[in-house]
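Read from first to last, the chains carry the letters A, B, C, D and E; within each, the first residue is number 1.
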Amino acid sequence: MARIGVFTCWCGENIARTVDVQHVAEALAAEPGVVCSLAFKYMCSEPGQSLLSRKIAEERLDGLVVASCSPHMHLRTFRKAAETAGLNPYLVEMANIREQCSWVHHDRKLATDKAIELVRMSVAKVRHNQPLNPIRVPIVRRALVIGGGVAGIQAALDIADAGYRVVLVEREPSIGGKMAGLSETFPTLDCSQCILTPRMVDVAQHPHITLHTYSEVESVEGYLGSFRVTVRKKARYVDIDRCTGCGECWTSCPSGKNASEFDFGLGRRKAIYVPFPQAVPARPVIDAKACLKLTRNRCGVCLKKCQAGAINFEDQDQMIEEEVGAIVVATGYELYDIKARDAGSSVSGYGEYGYGRYADVIDSLQFERLASASGPTGGKIERPSDGREPKTVVFVSCVGSRDRAKGIPYCSKICCMVNAKHTMLYRHKVHDGEAHVFYMDVRAGGKNYDEFVRRAIEQDGARYHRGRVSEILEQDGKLLVRGIDTLAAVPLTIAADMVVLANAMVPARGVQQLAQKLNVGYDEHGFLSESHPKLRPVETNAAGVFVCGACQGPKDIPESVAQASAAAGKVLVMFARDHLTREPEIACIDQRSCSGCFTCLQACPYQAISRQEITDRAGQVLRYAAQVNPGLCMGCGTCVAVCRSKSADLAGFSEQQVYGMVESLA
Amino acid sequence: MSGDAFEPKIVAYVCNWCTYLGADLAGTNRLEYPANVRIVRLPCTGRMDFNLIIKAFEIGADAVLVSGCHPGDCHYTAGNYHARRRWILFQELLTTLGIDLHRIHFTWISAAEGRKWQEVIQEITESTRELGPYMGYRHICEVQK
Amino acid sequence: MKIGYYPGCALHGSSNDYEQSVRACLQQLGIQLDELDEWICCGATAAHMLNARLATALPARNLALARQQGHEQLLAPCPMCSMQLLKANAELHDRRVRCEMSEIVELPLDASVQVLNLIEVLQQVSCEEIRHKIAVPLEGWQPACYYGCLLTRPPSIVRFDDPEHPQSMETLLRICGAEPVSWNSATRCCGAGMTVANEETVLELSHQILADAHAHGANCIVVACPMCHVNLDMKQGAIQRRDESLPAMPVYYLTDLVGRAIGLDDRQLGIDRHFVTVG
Amino acid sequence: MIAQLRTRCRRLLSDGDVQVVIGYEYCEATGAAHPTFLTDPAQADRLTWNGACHHNLVTYLKRPEIQALGRAAVIVKACDERSLVVLQRESQIDRQRVYVIGVTCAADHTRDKETCRACTTPSPRFADEVIGSPPASSAEAKGADGQDRYAQLDRFMERSTEERLTYWQSELQRCTKCYACRQACPLCYCQRCIVDKNQPICIDPATTTKGNFAWHITRAFHLAGRCVGCDACTNACPAGIDLRLLNQSLSRAAEVNFHFRAGEDLDSAPPIGTYSLQDQESFIR
Amino acid sequence: MGHHMDLLPHQLIRLVQLGQGARAIRADAIWQCVSCQTCTSRCPQTVDCAAVMDALRQMAVENGVAAPAQKRTWTFQQAFLQNVRRNGRLSELELIGVFKTRSFADDWSVPGLWKDSLLAPQLLRRGKLHLMSEKVRDRGVVRRIFQRCEETTAGQPSLESGGSHE
């Protein structure tokens, strides 16, 4: 027979005013199994808690109900109190007779009756409570950083500098991300590569960082503290350990007509290539689609030329297993693709701008390459079509951004600054050139940002027109940009030599699939969801997984770096503990009665359920049954609701407990 | 309220993270509502098994409320979506059985919607008062053969 | 294949050469046109300019007739008509509108009738079929395909091709051996219904279109709209009177060129009744 | 066709491909077709196949005593096959361990069963082999319009809510909790049925109307999105309770709301245990 | 058309948003608009500008403030509708006739009267001019449809809520 103690709290006047607490205490004393029932002025106060522990000892209580405020308020408090008194904390339940009774009812009788029923429910529940122990999860003090852009680099270095091992996975052949391709950065106009490449080298040389370039995360298993990650190292056809990066191979490669990804199609590269001179690792990769040897089994010059014997045409994708305790996602962004058509509709964005049809209509990242000293033109501004220097350039803001009609209602945040920067770069290089900007609003919030825009207008003479471009037409070698200046209320037509579109920032392709592997949520645009916009900005709802940079929302470099350090900080907080604990109120499955339909496996939001072989003594497989992974289960109980044989149950909210509560209302 | 007038018994199954906190907020803001509702706290509407609705009627509830997080807000990312699906089907079955759907209420109430909680409880209590005791199911429970 | 046919006022009026061309061409491609009995005017610009409900009711009446006469698909070669019909169709999805309208038009209504423009009907004939029907490939033809406004706009209503860079006519004509030019005015407006009321506008806009076609090396313009044809063909004389430098530019209906390719002659297609003629 | 069936099964047994054949046998006494279980090739001639073969033989695959015999060959009609698909989907049968012989329904199988008249698939689609060819007309003969599958339900739903409740009260009062419905159902395969769980007691085991309601609601809902409409439960019920109605209301709900029909194919996800952001929630405030 | 307009489309929309529809409906611009729908299909805020234009035109006529300078345009459209109302289908000859005489009554411009009339013989020669106009058999229903649509102005936007944001 249970020995339950019921403690009804006055909460000063808060409860006592409308609920006759004394009467409640008496009523409950009559409940079977209740061995002591008291009312006390402040249960949460020190004397209240010591009363609790004293009674636990005196009455040898094996169940406790505190009838006071909301469990969200004080359940922890009372469970701690019980624990110190030597009672398993999970044998404590509360009855919420304040927020859900005394504070919302005035009729003393009704309130008291309700209070009694509420406490009875809790008593009925606590009868079936089982002692539980918090789940201890060991930590693998090793972090995985996904994405080697500026954010990923920052996070990796911060964690590694703290003395922990880091695995950095980058999809492209080199780390550096978008920033490595930028010419100069706002608002200081310092050279992007000059500030980034040293950090890239740090990554390469850091003793604690394992770098997997040209690799992607294939699958993620496990949970907070111990994830098992499979990384696909894509076939590079070059052994980067043997390779010395001498360059013999790519200088001699005959296939040189391939569009360079790094130059966004403005430049050409060989079939075996290093994406850019400062690449890390500074080792080439073979483009299997372009290589004559791999496509038509001819050529193979690089193989002959390579002294180090690093070329390997038989190279295959390899899978690498990595054990990590925390994951930082920094997959960054790409530009909204005007030519992309969303399924079903024949409409592609902005056909009226002729991007893809007119060679001299380019996007802002392409312009960065034109302006970059390491770019295809060595930093000279030239028209892609004929290499002539454009004397009139029009920059168009909000291409995609803030365009509900194109399904991108958000502001991409960086374009206003990028445009201002571009007008400056252009005017600095082409002194007699005209730079026009069409904008809806100039959004330059940030340290020295608006000043920067003013400088573009006042010192560098950029011409800003408040209004949108309606269409771009090609006529005898010129691009007719037709738009409006709404401030002057005059339609404008500018005969331009080149047009630069500031396309919207969208999450890098494939991030949704990654998010699904990691169990991280994302919004309708594919940006990853932080678990609280204000207070948990780099955490996600998947324990142990953190986000930083543009994969979480449009951001510029300073913000991305700051957020990266924040994420690193959160990882270090985790690593500082000697072990992690998780709430034990999770699901379990009675495999004796489980019929193995695995509806639960399908329903579980955390992939916490797996198939397990049920074997006889001889090891013969008799059948399969579901099994809960306590590390992954978050205790939502969805499995319990879908289980037909009621083999699944949820500690803390077990069938017994819940039915007990309901039946107590009979 | 006079003692002899019919006062409905209402069982509310609510999720711990949205509706329960919403009800707490109603309390913190002293938003008064009828004392007829008895809250059963569950971690998530995903845990809400259809048998519990029947159980509530068996113990003589005149109305049942099931309430959880708004779509997209589920603390466990998807529990409420799973629940929504099951309710769609379960309602169909009850309709065929002739169970009065006016006795069953589904709502999404967030932790910030104390006011909505108050309104919902007021309305449900009112409408159930008008419907009177759920004799339909009480018969089922009484009639022996 | 048999298909419902809504000619609209223009094709039974001064643009009957268009109807002739459409009928001839489609017949050759094995498509029978079954004209909607008792069809009434769609209301055109006038209705949507002056009376919103009329702009729904008039087309709705026709849709109701089509339904009554058992047409699942309804061809409206005039983009103004097809747009008006499609717009009404879209509005009929709202039950309230449907009830109200069926009272107004005195016939039961639903949104079941599928309204097609001329190009969509031609697309129903597979490329293969057209290809092997081709008798006289259109070698040396460099048409500027002119879509005008209402074939592709408003996209939410007509849901046809890319509103800013349509290519469906080009695709068809390439099959017929022509080499369509790429130009700037494919979806510009010619002045449409302003022909009589506001000629100035029409002359100006149409002039730009003709000039642009020349500038991009087109040797003819292809349209799928009676109004566009009137403004570019019939009005071309008036335009030239203001700008002598503008050479004559023949304007054909899409079905004229496709028709020629599959072996019909100008008389059959009514091309001899156009204003601008060359050679 | 029957001859072909017999030779095939004799072969399967003699070759040792299977250890037991689950088929139909003509019963002199009742003049009806009954399930039969052949383990010896010599018995093959007892097999029969005609319009009277109502039973869904798939049901027997779940029986341990049958499983004990070894690999089984089972004779399925197109409708029974659906339950086979569900079982496979719910990893209840190892398809390799079963040999499926599909038999086609002839148009002359003029069966009174509503389900037959509304059936749109005259011949099995997933069987290892199909014996007999469907008459061209059969599809039409059976009225290809899937909707009238629910004609009976529609008629029932015309009654008022109260009428429906009283109907079920009087019907379910007759239930004796013999659980024939459960035994007959090819998809009721739980190791331990929920009614046999006593901590807590979710379903009152007593044969009171209360207990019967609880049971039949549970039984029906546990088949939500799974029931293939073989009517085995209804046919098996000694009290003659028309359980079909309950199953159908759920099947239709699944079709209308989630465009899902149980046993249609192996790939599409069942409604329970999955969800869509687009699910309707007009009923949720 | 923009450069001809006294108020540009975005200004018209703005006026409506500011509740100054009264100014918008007096503009010439709303009659210069050729309803090409380009604005609607390019508006990033998915405002159906063309529909707003239509609404403004209707209100202009109802309130009798339609821009005098553009009278030709709306008299033509009115004539068009009356013509349809009478015949069920458009009779071009009749329309031109009516329209000419009306606009002549307005501006007494003789050239305006004879303008295009040179086209007539050419049209005739090309069999494009029908002296006998085409009519539908049941003209009663057409008239009733018109009546019903005219009597009630329900669902028509008011000056204040002129804008139509989806």
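One rule holds for everything that comes next: a residue touches a chain if its C-beta (ideal position, glycine included) is under 8 Å from a C-beta of that chain, and two chains touch if they have at least 3 such contacts.
All figures in this text were calculated on a predicted structure; none of them were measured in a lab.
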Chain C reached from chain B - shortest hop count over touching chains: 2
Contact network partition after chain A is left out of the picture: B, D | C, E
Separation of chain E from chain D in steps, with touching chains one step apart: 2
Leading chain pair when contacts are tallied as C-beta pairs: C-E
Maximum centroid distance from chain E, chain identifier (CA atoms): D
Chain C and chain E: spacing of chain centres that average the CA atoms, whole Å: 21
Chain A and chain B, separation of their C-alpha mean positions in angstrom: 36
Gap in Å, rounded to a whole number, between the CA centres of chain C and chain A: 50
Rounded Å distance, chain C centre to chain D centre (Cα mean): 56
Multi-partner residues of chain C (each touching 2 or more other chains): 155, 163-164
Set of chain E residues in contact with two or more other chains: 38
Shared-contact residues (touching 2 or more other chains) in chain A: 352, 603, 642, 659, 663
All touching chain pairs, where touch follows the definition stated at the start: A-B, A-C, A-D, A-E, B-D, C-E
Residues on chain E engaged by chain A in the complex (per definition of touch): 2-3, 8, 10-11, 38, 42-46
Contact set on chain C toward chain A in their complex: 155, 159-165, 182, 184, 215
In the complex with chain C, residue positions of chain E that touch it: 1, 4, 32, 34-38, 40-41, 48, 50, 54-55, 57-58, 61, 70, 72-78, 80-81, 84, 88-92, 95-96, 99, 115-116, 119, 122-123, 126-130, 134, 136-138, 141-142, 144-146, 148-150, 152, 155-156
Parts of chain B lying in touch with chain A, wherever the complex brings them together: 1, 9, 11, 20-21, 23-24, 26-28, 30-33, 35, 38-44, 46-50, 52, 55-56, 59-61, 75-79, 82-83, 86, 118
Residues on chain D engaged by chain B in the complex (per definition of touch): 153, 156-157, 159, 161-169, 173, 202-204, 207-210, 213-214, 217-218, 220-221, 224-225, 245-246, 249-250, 252-254, 257-258, 271-277, 279-281, 283-285
